[in-house]
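In the two complexes that follow, chain A is the common piece, with chain B as its partner first and chain C second.
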Partner chain A sequence: MSEHYVAVGWNRQKKLYDSATLAGIALYLAAFIGVGTFVQPFATAETLIIRGLGTCALALLHVILCIGPLCRLDRRFLPLLYNRRHLGVTMFFLAFGHGAFAIIQFHALGDVNPLVSVLVGETRFGSITNFPFQPLGLAALVILLLMAATSHDFWLANLTAPVWKRLHMAVYVAYALLIGHVSLGFLQGEATTVTTGLLALGMVAVFGLHIIAGLRESVPDRPLDRPLNDTGFVDVGALAEIRESCAKTVTLAGERVAVFRHGDQAFAMSNVCQHQNGPLGEGRIIDGCVTCPWHGYQYRLEDGASPPPFTEAVPTFETTVRDGRVFVNPKPRPSARRA
Partner chain B sequence: MIRSLRLAHRVALPVLGVASFGIFAAAVATRPQPPITTQYPAALASDRPNRSEVLALGDTFDVPGISLGRFEENGKKWLLIAPNRDPGRPDLLAYWSPMKPAGKELPAGVILLGALSGAASVSLSLPTNVPASGGFVVLYSPADRTVFATAQLLPTGR
Partner chain C sequence: MNERDEFYVGYGKAIPPGMARVIRVTLVILLSLAAVVALIAISGQRKLGASYFEFGLPREFQGIIREFPYPFLEIERPGEHGGLPGFSRYVLVGEGKHGAEPNVAGLDGRTVTLKGTLIYRENQTMIEVTSGSVVLKESIPPRPETEKVEELGTVTLRGEIVDSKCHLGVMNPGSGKVHRGCAVRCISGGAPPIFYTRDATGVSRYLYLISPEGRAVNRDVLDVVAEPLEITGRVTRIGTTFFLAAEPRSYRHLAP
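Take a look at the complex of A and B:
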């Protein structure tokens, strides 16, 4: 949420985040190539670079994919989510380096276009051991390119968050393609028990965490079956069970609604942040505004509008508190969005 | 995330997970074992030479991790090339050479002895036109067009 356009709104936290990421990557590559020179003295520099970039990108992709569910399971991981898009773009460049070096090394010396050579160089689709694994990596790289190219808030604002999210969910397809790429490629050749085990562990972490987080999230996704009161409002529970300045999330009229407590009052607004659809119900009230836990977008309690000069707004819902219980009108108020 | 997307996410992840684990399991199950070439003469197939005896002859390559020995069997001379681990090049060929290679190229007059196979020890017979001692054993990678390792064949009984 920036007042005037800047390509990247740098702040101390983003700089720290990116510096730590780049330092980690540099250390990994140096260690990989350094140790590799001794452990595999016969591997060429190109081979070590291709492998270093590929393993680094894959490891980073695992980290990126685990951040989402980890944040849903434990709020202490939220700082990792803050700048996850930069991690994603960095990971794309590592993967691109791996792909580019591999194509130059293995496909550039023939008389066929290197990209065509990747696609037609191996056609034994009926074999597992000789399956053409390189096109799988190329397909994953194309998806990662699309995601990196549209990662900026410019695209988020123009595509709208739901479309952008849908596009970026393709990362799971890219991940599955990469599992195929590695399993049918590297694992068929020089993989050791350790490298095979590490890949299995990574898959268990990614899919396991997502499934656990998904199961946990399915509870608040169940529509409330509490009776409507005489005014058509839905009883969403006791005010006392909501912590001060925090929210309880319920599903009303097909979408999640965050019901915040502010002193003796309750306020309800859509749980979906306008930025990247982050969960507002996991945020807090700061300075009279609901503050998104992901990147800090703010929305006023009374009308869901971001404080000026910002123009975002989320739908809000009428609430009443009667006998200590909170009732919410499932019909949203007209939007407070400003031009 | 909006609810419809979250529900799609909840279905897509297990499906992709099952597919990924399926591919991974199939790939691991059908992974080929590294090919092993054993070129021991039939007489030695059940009674391989004691490697420590063979290696005591002491010829060594100029890269670590590959031992070289010689033995005689049935009047034929044999070389035993025994890598401690996979040299990391799948295409190594062993040559006898009358002179030490000067650079990456094979010298003139080399004689092909046979191929290495990963970390497996191989025994290669020395052709009769190769002198009993002297010369060099050169391991060469045709893919990289480079000499990978060289060992001098010292006179036996030194």
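Take a look at the complex of A and C:
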């Protein structure tokens, strides 16, 4: 958490994370280009660079897309999620390098503007096998640019988390465009069964993990089917079911609510973190504050406000414990957000 | 604290030990995968044929310009040639994605010196003319014809239109769909279009595409570059260079 904006709020974990990322990229490019000079002795340097950067970006995108569902399936992967935005921005730069090199190589020094050439150079849009693949890559690059440019918390706060989140869900559109770009380009003319199989494997990993995580997520989404007691509160279960400093997540009036146990008391607040809409119900109570498992944003138990000087706040719900059972008022309290 | 109770805060001091174990193993797997995926990605590609571009090594040439249908430089072979063509023919292109027409306009049949960079693949050689390097040898009279046009009959061939500059060596690969955008740009800019075909024994043939009237067809073939095509046309040879004369509208698409 930070009360003011800096380009990157560095800490030890981020430095370790970025070092590992750069090491992986260096290893990939060294292996691809180094071995490429031997197994493809007649490939030009530009070809090796373009293909190295492109395949590296695509591989990294698969890793990025797998991190989310992996964390849903096993919280021990959460440290991978913490700095995922740096991974995304790094992937954009790799993709940008690929695209810039390709546009210069294939479209510069000609009789029309290179960007115009990408869009109008090939015209067989009515054919699947001859469909122009480069505009698909360019469209994906534009989406990735938008995401990288708005990745900073400044944009997250100013666009608001739901809008920011929707914008960044466009990564799936970019992924689909890139699969089209690769399938209709490289795979048609230059690939072998091995490289085609490699891409298929990546797609199976991405789709498979999302489906499995989605199926697991769908369980707590079922609305709570318990009668209201005489005060209008909903019985959400026994306090003993909830581990100390942890929460259970329930759906009340269509909204996911995290019900925390703190000693003999229960506290309820929206399950949605104001930062990136992370699942607060999977967080912990640390220093008297609910702490988001994604990036550590904190909210006070009693009013849902972040401790000063931070200004975020989440809706809270009135809670009572009677005969060992927790009752929650499904109507949220007024927001405690400070000006 | 067991692993179930561990909680990670990114700005905290360290990753809890159970999570750290998982992350370490994941990191080793991901770094190994980076190397393995890179090796598979580069090894699992179609092998590229030999072609050369002597980038940065311009040479000086002297020969006769043939301006039409595409610019060529004819260089006389010294000594006896035993019935073989007496001239080596080098197709000319300009720098970037441009033809050599502006460099040699009005010089048909004239002897010139020029600087250029060699581009070659199999038995085909091209010169990328350095801008401003063409110098007319005014003392040598024009030579309108050095080699006879030899008619070789009508044939039907299957292959692909490539841009001569990239395919002969400036880029590799310089054919196929991945290169189509570039080939369109080069041919549009004036690089001669070649019909590249291979016979059943794998021998490559390079035929410069022209119209039935013998004119350049650059603008007429842009929509069918880098696609499997069947062309029926009249084959002619000038020296060591083959031409395929056919109406571009008669080119037939083949299933990929």
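Please note the rule applied: the second predicted complex is superposed on the first by the 339 of 339 C-alpha atoms of A that agree within 3 Å, B and C clash if a C-alpha of one lies under 4 Å from a C-alpha of the other, contacts with A are read in each partner's own complex, and residues count from 1 in each chain.
In this text, a residue touches a chain if its C-beta (ideal position, glycine included) is under 8 Å from a C-beta of that chain, and two chains touch if they have at least 3 such contacts.
Please read all numbers here as calculations on a predicted model, not as lab measurements.
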{"item": "Fit or clash - chain C, chain B, common chain A", "value": "clash"}
{"item": "First, second, both or neither for A:27, with chain B first and chain C second", "value": "second"}
{"item": "Touching partner for A:40 - first (chain B), second (chain C), both, neither", "value": "both"}
{"item": "Touched partner set for A:179, first chain B, second chain C, both or neither", "value": "first"}
{"item": "Which of chain B and chain C A:311 touches, first, second, both or neither", "value": "neither"}
{"item": "Partner chain in contact with A:255 - chain B first, chain C second, else both or neither", "value": "first"}
{"item": "Partner chain(s) touched by A:169 [first = chain B, second = chain C, both, neither]", "value": "first"}
{"item": "First (chain B), second (chain C), both or neither touched by A:198", "value": "second"}
{"item": "Which superposed partner A:123 touches (first chain B, second chain C, both, neither)", "value": "second"}
{"item": "More chain A residues in contact [chain B versus chain C]", "value": "C"}
{"item": "A:188 touches, of chain B and chain C: first, second, both or neither?", "value": "both"}
{"item": "Stretch of chain C penetrating chain B in the combined three-chain arrangement, among 112-120, 130-138, 148-156 or 184-192", "value": "112-120"}
{"item": "Chain C-contacting residues of chain A that also contact chain B", "value": "40, 42-44, 129, 184, 188, 190-191"}
{"item": "Partner chain B, residues of chain A touching it in the complex", "value": "40-44, 128-129, 162, 165-166, 169, 172-173, 175-176, 179-180, 183-184, 187-188, 190-191, 196, 199-200, 203, 207, 210-211, 214, 217-218, 221, 251, 254-256, 272, 277, 279"}
{"item": "Complex interface listing, chain B residues touching chain A", "value": "1-3, 5-10, 12-14, 16-17, 19-21, 23-24, 26-28, 30-32, 63-64, 86-89, 144, 148"}
{"item": "Chain C to chain A touching residues, read off their complex", "value": "3, 6-15, 18-20, 22-23, 26-27, 30-31, 33-35, 37-51, 53, 95-98, 171-173, 176-182, 184-186, 188-189, 223, 227, 256"}
{"item": "Contacting residues of chain A [partner chain C, same complex]", "value": "1, 9, 11-14, 20, 23-25, 27-29, 31-32, 35-36, 39-40, 42-44, 46-48, 51-52, 55-56, 59, 63, 74, 76-80, 82-83, 105-112, 117-118, 121-124, 129-130, 132-134, 184-186, 188-195, 198, 283-284, 286, 291, 293, 295-296"}
